[in-house]
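Dumping the structure here so I can ask a few things about it.
Naming follows writing order (A, B, C and D), and every chain is counted from residue 1.
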């Protein structure tokens, strides 16, 4: 189902613009130095028109590509709470938010769409919702890249729909022998050792492989890797990962230069 | 300052899509029969992604042109309360909302932008805010039409900026000898007699003139006339106005076919 | 687990104050004539401070008892969408809303609390959420009545907690032989025939019994019956039910005069 | 118009609980060590049910008195933007928010009400709004203390209404010879030198006097002094002020132990 990407090149993406009104996420200006794509919050879980413009300008100043980061309408819960929107509500909510961000990037200024939090998590397991998101993004602009979880049914659905797809891996999440995420409820689901995180990213980017929880080395294709940007430790890891990739000669580029 | 429009042709616009979630504005399906352009609420004072799509579809079914109706972020006050956003906040709020609606109309599907309620009222008297709105709309798409109050400084500003302008008249508001609105606080500001309302619309559309409060007949150029759509009486007036214009041979067309 | 209530007396409750800003639910003034208790929306799914005061005044004018109708924070979805708040979030959301309404009823002016929509539906099946609601209400004022679905685990929990409980029945919902609601997904779950609705209410109020879906007549104890108030047909049913109960000599009273 | 307070005793108040969802104001736990009263945000400009409970618990742990900090409904603008609510809207908004907070403090757990931001600023200059706030607070509980700006018409109104009043001074704002605030638009309106700030607070607390902008020493009676808590420098000033007052033998107590 998955095609190999050209190893030796990878995108780093990070959620950004999650400030709101008087609440500023101050690490944005730091973490942006280490990524090639950012996902800008679009007002439903975080972000507002003023921060959206500021984030687009920050991206331009750093030569970083911009995507939309739509979410459920849940500011109080930061979009992290499951919410039973039906597929047409999801489709319309995504369209609204992507359109809103496009006012700040201008025509052609949007590279991708990556759903946030609970909407992302449900797309991984719920084909109807995944389909609604794919519809909304494709309807808005067929050239936009759909960021999906590598190894998920959602990836399959998007590839099957013939849209542009960027397969995303998480640098700090354990993988089953089948190539899917180990659920957070299981021990060892999250990898805390920075050196191991770095080693895993390097292996994905250089060999297209990952060490699964049972110790098997399995093929694992990812176009973009998600870096967290919400704590100082995250910045440290970002720096280490970039240094390790430089040492290996891996190029870091926006996903639009990687996926077909 | 104003150029004559070709009399014998006029646009009718109406606010629409002001439903929200479970709250439905049921007259939309009635009033749309009598207008040529609608202003769709974009989620800040009313409207939501689902109603926006429904309203765009309703407009398509009736061959009516679509514009955005951005507002201050005041759902509880229906956007009618003055709110001291600074110019850059206004610009960004307008951009966000216009962009959001464009996701439902598709590229090129938007005809115009008309601010709502308190934002409109302030644009009439506050050049900074008017300028912020003009900037936002022009930045989004230079071909969009800016709806402004006929006879206002805002009209002057927009014409001076070289953007496409549709001058709006209110069918039920008295006009000073200088061609501006009689403030609502003064007696006679609102015209309640349906026959007089109809007669005034006909005179604007056929002669480009209006009878001012002092009885003088003055030149008054309007490209579009605002019909209210929020009460059953409004529908009655809409029907009468359309019949009277038909009898006079006035064509009713979307503003994009009227303004340069 | 359930104690018999004195038959021959029943409370009618209805959701009310679900207007919001410019959106008015116009049937409130009609349906209030036929109920003894109302559940006032508290701003999270509907309602706002102005409508809350107006609804409290309407209740006073009609001698109707007032309760709070807290919900998930989902204005766009009218509180009908499931939302994964954790128990402490539920507890705090209920406390906030009950406290807010108490500002308009004054000390001692609140009779009961009945959760709305998706929050109510989850309390029926999720003991943790039901417990959080019971905690919040009891903490606010131990004399408040907890409205719970008759025949549910939630009823058991509330009775076990030693709080004041009003068991609620729905006039138009079929009941299993075990005394619980037939799920909406099953055929026959909702009773549409007004005469049958009336007959069922009369049997509950006079005999403490209901005819289950299998035809068995089973004991069914309810202190309060929910009337819908959101469509003209609902008003018709309310009138018929009241007439039938009058004819049978059943007294309609606020739940505080019925439950211990 | 003003009565002298017993000098040698003063209250320090600080805005608190202005976190919202995932956005945490981390200095709350620091600044609370130096104040005797806190104003807890109530969800309209900041704060939410979960942070409200946490802030009430924080206050209890530090033996600090709690008040409500109601605001205009403007989360995106942090309640700092003027907004034309009419007096009955203001009254109802204040009632709603005070009631909501009372659910977390319990009966009798509320000491005072201090409006936030734009609502406070308008109460200083608009007697109708000031009256609406006084009405709302008094209606909720006649024993609550009304925090008002020292030297304002609002103070006069509140004293005239016979309610409990705490006159508030700002530690870093210049005062006219008439005892009112120098508008922020004038040079020297804000005092930046920490030592001068400290000296002014000491003079108010020990002598009931202030040095006006023209150099005159004038009587200036304040029951409570507002400390900012939103930046690290604010904590430094709080510490210095407390040390200086200790050295002068001034007692710092909640306003309920100071005002009649």
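Operating definition for what follows: contacts are C-beta pairs under 8 Å (C-beta built on N, C-alpha and C of every residue); 3 or more make two chains touch, one makes a residue touch a chain.
No experiment lies behind these values; they were computed from the predicted model shown.
K.L.:
A-B versus A-C: which has more C-beta pairs touching?
P.N.:
A-B
K.L.:
I want to confirm something about chain A and chain D. Since they are copies of the same sequence, is their interface symmetric in residue numbering (over half shared, so same) or not (under half, so different)?
P.N.:
Mostly same residues: over half of the interface numbers shared.
K.L.:
Using CA atom averages as chain centres, what separation in Å is found between chain A and chain C?
P.N.:
The answer is 44 Å.
K.L.:
In whole angstrom, what separates the CA-based centres of chain A and chain B?
P.N.:
41
K.L.:
Mind pulling the chain A residues that touch 2 or more other chains?
P.N.:
Residues 48, 76-77, 89 of chain A each touch two or more of the other chains.
K.L.:
By the document's touch definition, which label belongs to this structure's chain graph: line, ring, star, complete, or other?
P.N.:
complete
K.L.:
Under the touch definition given earlier, write down the residues of chain D that touch chain C in their complex.
P.N.:
Checking each residue of chain D against chain C gives 43, 48-50, 52-53, 88-89, 92-93, 95-104, 136, 140.
K.L.:
Which chain D residues qualify as touching chain B in the complex?
P.N.:
73-74, 76-77, 81-85, 89, 118
K.L.:
For the complex, give me every residue of chain C touching chain B.
P.N.:
Result: residues 20-23, 46, 48, 75-78, 80 of chain C touch chain B.
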